[in-house]
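Shared between the two complexes below is chain A, which has chain B as its partner in the first and chain C in the second.
Moving on, here comes the complex of A and B:
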């Protein structure tokens, strides 16, 4: 069997109306149609889904794990960016 | 309880309504069993799951039908006994559903030919005078629509694919087409069921079905069934080829070795 035409796709499931699609896993498939069918067969067997999104894994643009330090560490000590850093003045009634 | 008593336990029926529902149930049961043989043997994990999902859908349909039959007529102590302990000649499935899993092309074409027939067969039950049967049909039709979508996609893909995939689909067609006529024959049991109000006569849609299927086949790399194929029949009346015997030896041994076994 030729393996050249199998691609990896990422599967996102929305469980209920109004909620966001969440990453569930991946499937091997030949194209969009078989990817949707395979995702349905693998990830929605127990009533998990009301909607599916599929994206080719190669189309995902990801940040480089090697750059994690420069990208994310600087935010670690900026505690004033969290609302809990601030105390609410006594006189404020509606927040 | 000895196995022989269990055989006697699954009684004969003369009720045309029950006889017709047994045919529907046996079709679903035997194709479900056939597909379950592929569990762990699919060409790819995704396709393995797809086939076992379809198998479970079909066995689920059979279970609903067997259980419904038992609420109307006391043929057996439970659905397992009715489904799993009859002798070969008392299974009334069509011959197509017992055909072997030669390769993936055979499996997909068998599924497409059967499911596209089953859709028409079950649509004809929606106005049945048995409202439970109509409800079972309505539920099953959603599953059937998916089976058609899946199998049709693969018939097109393989037929219109490489030389090898087309050759395999052409081989499947030359093997399986001869079993399609039986499914649409308006035999005495269909006629009796129509008269009893169980179903409307879906066999009248035979030419529509042929047109629909031939259109797909011609899109699938220009495949055409042989015009003068001699149709092989008999399964609906218990005249089976040895394929069903092999299925039954596997499917029945547990219930016959341990009569009354429950999961």
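Moving on, here comes the complex of A and C:
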């Protein structure tokens, strides 16, 4: 069987205006035009979308999961970054 | 089920990954799983976990794709325009399920082309249920009711599978399966409440599909040696027998409501367990269908090969067009 080597595109759906696009899955296609048509057929048959984004998977730049520990350290030693660190005197309102 | 390991012991042995993972990776991986962590595509994972998932997800995808064929048989013969439209929508969903699943499997490093090649060569397995013929319209109802009903029972726990891309695909699939099951039950209801001949059609179809539907859940726990590691890795959440029991308990009252009888003389309510006891499943038939493809196995593969061959010119044209556009853009 021949290998088609189609591009892989990632599909992002905005379910309605006012919300952000969210990753839904991927499609294979030869070009962007057919990719967006296929994405429409595959992911939005029941009113799931008001807008679609697609991007070639190979164009996504991702962080290394192996470095997730250091990169996304919760910085628990920097508790002053959270509003709960501060005391507000009794009687002070709207803060 | 679609995800049950259908390979023979020989096939399993020869497919075992040659690379041995180091014990430390297994330990850290297991503790992530035990903590309820979800594993994502680029995370470190034991090779065996990866291979198990590729095998399971691709087999599941093949089942969705082949599952279109028994139903496609009835598109031109559906009794009304309404039923024809519903059937087309359902078949389109099945194709979609196959595509979600191939994509999920691809995140583990195997290309869709390779997986499809395995299906066409006969190397890959798919659910045995689709190798049974659908000679009457009632079968389309029964498939929706029983086969998709069994699929929902199996797939809801898979939504919480430890592998993120598979779990997310299953959430999408489950939303659509519930429409499939209900449209099937509606077809059977219309027949069961129709003329005597129509009711007989529904009963005959139930007689043929009942046992194969129970077999979809895979070998009995006492005979299934491979599920414990999958349970430990949370690829699987419940045993085959547990899911089968859940399906039986849900389905028997649905048949009773329609005045149809389950073709099992040993089926009875067990007051003590609060569940139905069912008769022995004929596992020889199950393994025979896996081995020789049953009545329709050869037809199914032939149909998939023909689809691949007949569609080749479309793919070639799309490729030529894409290349041409790209050249044009570069020149401009």
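In this section, the second predicted complex is superposed on the first by the 85 of 95 C-alpha atoms of A that agree within 3 Å, B and C clash if a C-alpha of one lies under 4 Å from a C-alpha of the other, contacts with A are read in each partner's own complex, and residues count from 1 in each chain.
The rule we apply is simple: contacts are C-beta pairs under 8 Å (C-beta built on N, C-alpha and C of every residue); 3 or more make two chains touch, one makes a residue touch a chain.
The structure displayed is predicted, hence computed values, not measured ones.
S.K.: Residues of chain A touched: more by chain B or chain C?
M.R.: Chain A has more residues touched by C than by the other partner.
S.K.: Going by the contact rule set out at the top, does A:28 touch chain B (first), chain C (second), both, or neither?
M.R.: both
S.K.: Pick one for A:54: touches chain B only (first), chain C only (second), both, or neither.
M.R.: A:54: touches no partner chain.
S.K.: Report for A:13: first if it touches chain B alone, second if chain C alone, otherwise both or neither.
M.R.: Once the two structures are laid over each other on A, A:13 reaches no partner at all.
S.K.: Going by the contact rule set out at the top, does A:42 touch chain B (first), chain C (second), both, or neither?
M.R.: Touch partners of A:42: chain B and chain C.
S.K.: So which bits of chain A does chain B touch that chain C touches too?
M.R.: Of chain A, residues 1-2, 27-28, 30, 33-34, 42, 45 contact chain B in one complex and chain C in the other.
S.K.: Show me the residue ranges of chain A that touch chain C in the complex, using the header's touch definition.
M.R.: Result: residues 1-5, 8, 25-28, 30-31, 33-34, 42, 45, 62, 64-66 of chain A touch chain C.
S.K.: Which positions of chain A touch chain B when the two form their complex?
M.R.: Residues 1-2, 6, 27-30, 33-34, 37-38, 40-42, 45.
S.K.: Please give the residue numbers of chain B that touch chain A in the complex, ascending.
M.R.: 43-47, 49-50, 53, 146, 149-150, 153, 157, 162
S.K.: Which residues of chain C touch chain A in their complex?
M.R.: 40, 42-44, 89, 92-93, 96, 99-100, 103, 106, 111-113, 116-117, 120, 168-169, 172, 308, 312, 315, 318-319, 321-322, 325-326
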